[in-house]
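Presented sequentially are two complexes of subunit A, the first with subunit B as partner and the second with subunit C.
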Partner chain A sequence: MSIVLDVRNLKVYYELGNGVVKAVDNVSFQLYKGEVLGIAGESGSGKSTLGQAIAGLIRPPGRIVGGQILFKGKNLLELSESEWRKIRGKEISVIFQDPNSYLNPVYTVGFQVAEAVEAHNGGSPKHYIHKAIELLKMVRIADAPRRAVNYPFQLSGGMKQRVLTSIAIANKPELIIADEPTSALDVTVQAEVVELLLELKKELGSSMIFITHDLPLLLEIADRIMVMYAGKIVELGSSHHIRNNPLHPYTRGLLESVRYERKAKLKSIPGSIPSLISPPPGCRFAPRCPFAYEKCRKIEPPLKQVDGRLVACHLFNEGGNDG
Partner chain B sequence: MSLGKFIAKRAFQAFVTLIGALLVVFLIMRILPGDPARLIAGPEASWEDIENIRKMLGLDKPLYIQFIEYVKCVFKGDFGKSIKYGTPVINEILARLPYTVLLAVAAEAIAVALALPLGVYSALKPNSTLSRFISAISLFGASLPIFWLALIFIYIFSAKLKWLPSFGAGSWKHLILPSFTLALLLMGNLTRITRSSVMEAASMNHVTTAVAKGLDNGKVLRRHVLRVSMIPIVTIMGLQIGSLLGGAVITETVFAWPGIGSLLIDSIFYRDYPLAQGIILFIVLAFVIVNLAVDFIYGLIDPRVRSRTWS
Partner chain C sequence: MELANTRYNNVLSQIKQEKTKRRRELLETLRKNKWALASLYIIIALCAMSLVSFIYTPYNPFQFNLAIARQPPSLSHPLGTDELGRDILSRIMYGGRYTLGISFISVTLGALIGVALGILAGYNGGKVDTVIMRIVDIMLAFPTILLAIALVAAVGQGVKSLILAISITTFPVYARLVRGTVLQIVNEDYITAAKLIGLSSYKIMVKHVLPNTMSVVIVQMSYYMGLSILLASALGFLGLGVPPPKPEWGTMIGGGRIYFFSAPHIVVIPGIFIFITSLAFNLLGDGLREALDPKLRGLLRRG
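After this line comes the complex of A and B, so read on.
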């Protein structure tokens, strides 16, 4: 299978007054054509930052400090602003988490969808109203011609998320990054939206990065899953491997906690994500890990190929080249 | 609510406001010490002369009768007769009004033309040297005493350079100093509000959506930042125009600009009750109309406001 996206040693930091937040710290992975790659992890692990970096949306105080993002072989980090503009929304699209705030309150949704077409075809949004209505139909908005002249405040959350989706697919992008697309929605419509996204992805032949804190959902929909903790990849493997034999203690914790109670905070993992300004030395998960031992607090575990997937934990690497 | 209903409701509110203002203004004028009859009669007049003048002006009647008579004059449309000039108050106001409107519009236009670009620039490049300079200047402008600024301008442009007349009205040259003086004062606030509301709008999530579409910077700025940032800016502009229409008292006085403001000062010193009352009523009316216009513009900018109020 061909590689669409190849992220190498990516570092994205937020440079704040009181220190540097290492939100994405040395992350490498590949995305294959047509696949759904799930990214899981608690809030604050750096998932959104990673997604935004790939879409060229990092703004100050955020800064891409190092690494490469190869998209179809081309390093996006070397693009000029005008080259980026041709990629954003055309080859790489993002669907954001909160449909209420990601639509402009003072324009009709039809206008905002038409704008996505205008951005890559020239002219004015007026020329693309019919196209916009077509796109609204594609995301299964009932009564699309009438909805097109509505303002965001006149639509439900689920409907707004569909509008954002239609903006994202307007130019048939090769890569769709969905950043918690259902977290702000009613449970009742979540499943519908997920199903819609997967269908559209299939229809367009795109690849997808699906970001969520809901690991069990990823087990159902993703081909491969990447688990992030405190700016780092802790485990990356096929859904099959992660479902049947999760290795990293954090991955196991994520799965167990949800098994007990879907809504509750991570019950089986006490504590919370460490400061990303001065993360603990060694394994960043050590302060919360039930298996942590001396080495964990001193030496950072590298990602190693173990049992068909990548995992960063000393438990599976004892006696390895760093011991 | 339909637009017609919206207007009817606001017109009724305006009417109630005006009646209230009428009563308050009437009472305040009577509470002020001083007696118009005595002023008219002059220092040599006898007690009888003064009584006669008082009768002639109707000031001998009980207060409530005076008030009723005044309300009648208001509804007749002439607002009573000026004590000082002997002419209908409405004529005096209408004679001065064009000057006040001209000065208000010119000052606000200059202020907007300067403050909007400066505010937007310093919002988008908050750390640049020019932005720091703009912030300092606008703080300085907003905190200057206006008569001092006026005198500096007169000193430089009239006395020294002899480019512009320092007082009076009549040609476009007369308008320049008073309108720039006022504009400089207005600019400070306007720049700061523009800067903060553009910064706020630029950090909103929907701007990220616009960028993520691949839209160019100009369109992102115009459609998704500026339009959304307009409401606080329009609010300040409305307040400024409202108070300018009430007469920029100090500026008009320093530059001997024949507007409403200097007429008001005049009428109060002269205890010209009907004239002062008429002017203050007019000022209240100007505020009511400007507020109505501002509310209407809110509706044009933001469909949520429109659906709440008049669509």
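After this line comes the complex of A and C, so read on.
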């Protein structure tokens, strides 16, 4: 399988008045063509910052301090603004969390979809109205021609998320970054939107990065899952591995904190994400980890290959099952 | 293809319908505010009056006749005659084109410059912002009327320099207002979204930022119509506006001021027109603000 996206030692820091927040700290991973990579983690784990970095959306006080983001072999961090413009919306698209604010209130949704087509094809948005309606149909908006002339405030949240999805797929991008696309929607609508995204992805042959705090959802939809904690990857492996045998205590915690069966007791992970300005030495999860021992508090665990996936934890030995 | 075309035309006509519907809603809100509505009618009437002066005035507004100078309102001269015996009604009608025209052009010009600078400053930030806003600060530091007087004195008296003076003294206010609005808008997610579909900065400024500043600008323009009328009249009164014998309303007051006690109507009547016009634009501005900003609906209506 060919690699679409290759992130190498990426560091994104926020330089604030009282210190430097290391939101993404030395993260490396690859995304293969046609793959759905799920990124899971709590708020503050750096997962959204990572998504923004790939889309070139990091703004001051945020700064990409080091590393490379290779998209089809090109380092995105070295692109000029005009080179970026050719990639954004055409080769890389983003779908965001809150559909209510990502549509301009003064234009009809049809116009905004048409504008996305126009941005990379030239001409005037008016020429692409019929194309826009096709796209709205693709995201299964009922009565698309009539909806096209509605303003965003006339549509429901789920409908708006579909419109944004149609904007994202307007130019058949190779990479779709979905940043918590369902978090602001009703549960019933969530399932529909997720299903739609997966189908469109398959239809277009795109790759997808699906960012969410909902690890069980990722188990259903992702090919591989990357669990992040405090700006670092703690576990990266196939959904199969993570579903059947989560290794890192944090991954386990995330899974246990969601109710699977009616009788299972709901557990929570004690404590909260540490300050990223002065993270604890050693393993960043150690203060909250029930299995932490001396070594965890002193030495930072490297990512190592264990049981078919990557884990950053001292509890496991390279190549082995348990340590 | 045939089918696609008809559908395409259907959509376009529907967009048109949707737009007229929105416009109707706006007018509806405006209509409920009786002060704004009355103001709108007054403004329309005043504009009509000025337009009528192009084809008809009761008397020649420039024809003087000292025999009937300073006559109070009568049947033959409904608003009386001025210090040179010219019919005041005719002069008011004729003068409307100066007072209203100058205000309208200078407000539009000021808004164009101000909005462009405000968007540039707010959208780009950094050095561009600093440079533009410091210039604006300097302009705002001068008292409006003083700056206008200085400009007219430098450029020379006349309609053009009056328009120039008013627009130059008012554009900084638009710039500052629009910049503030733009600073809010650039943080909106739909601007991020516009960047993400690959639009250029220019297109984002013109198509996504500008329309969202319009409601603020329109309201401010309405207020500034009132202010410009006052400014044009004040300069006219001081002899720096439209030169006599052209009957700009402020100039008329200036010409008649020495007869204030013997024939007050020469001064009072243009004054009333200035007052009413200025007030009408201000009240219309309030009404527009209410209609364009749904959050204010009902809040302002109590007054």
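Please note the rule applied: the second predicted complex is superposed on the first by the 307 of 323 C-alpha atoms of A that agree within 3 Å, B and C clash if a C-alpha of one lies under 4 Å from a C-alpha of the other, contacts with A are read in each partner's own complex, and residues count from 1 in each chain.
Definition applied: a residue touches a chain if its C-beta (ideal position, glycine included) is under 8 Å from a C-beta of that chain, and two chains touch if they have at least 3 such contacts.
Because the structure is predicted, anything quoted here is derived from the model rather than measured.
Chemist: Which term applies to subunit B and subunit C once both are placed on subunit A by superposition, clash or fit?
Modeler: clash
Chemist: Looking at the overlay, what does A:Ala119 touch: subunit B (first), subunit C (second), both, or neither?
Modeler: In the superposed model, A:Ala119 contacts both subunit B and subunit C.
Chemist: Tell me the contact category for A:Ile129 with respect to subunit B and subunit C: first, second, both or neither.
Modeler: After superposition on chain A, A:Ile129 lies in contact with subunit C alone.
Chemist: So, does A:Asp98 touch the first partner subunit B, the second partner subunit C, both, or neither?
Modeler: Both: A:Asp98 reaches subunit B and subunit C.
Chemist: A:Pro145 in the overlay: touching subunit B, subunit C, both, or neither? Say first, second, both or neither.
Modeler: A:Pro145 sits against subunit C, while subunit B stays out of touch.
Chemist: Is A:Ser166 touching the first partner subunit B, the second partner subunit C, both, or neither of them?
Modeler: Neither partner.
Chemist: Quick check on the superposed pair: does A:Phe153 touch subunit B, subunit C, both, or neither? Answer first, second, both or neither.
Modeler: Touch partner of A:Phe153: subunit B, not subunit C.
Chemist: Should A:Lys90 be classified as contacting the first partner (subunit B), the second (subunit C), both, or neither?
Modeler: After superposing on A, A:Lys90 lies in contact with both subunit B and subunit C.
Chemist: After superposing the two complexes, find the one stretch in subunit B that runs into subunit C, choosing from 2-10, 20-28 or 38-46.
Modeler: 2-10
Chemist: Please identify the positions on subunit A that touch both subunit B and subunit C, taking each partner from its own complex.
Modeler: Subunit A residues touching both partners: 55, 57, 85-90, 93-94, 96, 98, 101-107, 115-116, 119-120, 151, 164, 167, 170.
Chemist: Using the touch rule from the top, collect the residues of subunit A that touch subunit C in their complex.
Modeler: 55, 57, 85-90, 93-94, 96, 98, 101-108, 110-111, 115-116, 119-120, 126, 129-130, 133, 145-146, 148-151, 164, 167, 170
Chemist: Quick one: which bits of subunit B touch subunit A in the complex? Just the residue numbers, please.
Modeler: The contact residues of subunit B facing subunit A are 204-206, 208-216, 219, 223-224, 227-228, 301-304, 307.
Chemist: Could you please specify the touching residues of subunit C with respect to subunit A in the complex?
Modeler: 4, 7-8, 10-12, 14-15, 17-18, 188-190, 192-200, 203, 207-208, 211-212
Chemist: Any idea which subunit A residues touch subunit B in the complex?
Modeler: On the subunit A side, the touching residues are 55, 57, 85-90, 93-94, 96, 98, 101-107, 112, 115-116, 118-120, 151, 153-154, 164, 167, 170-171.
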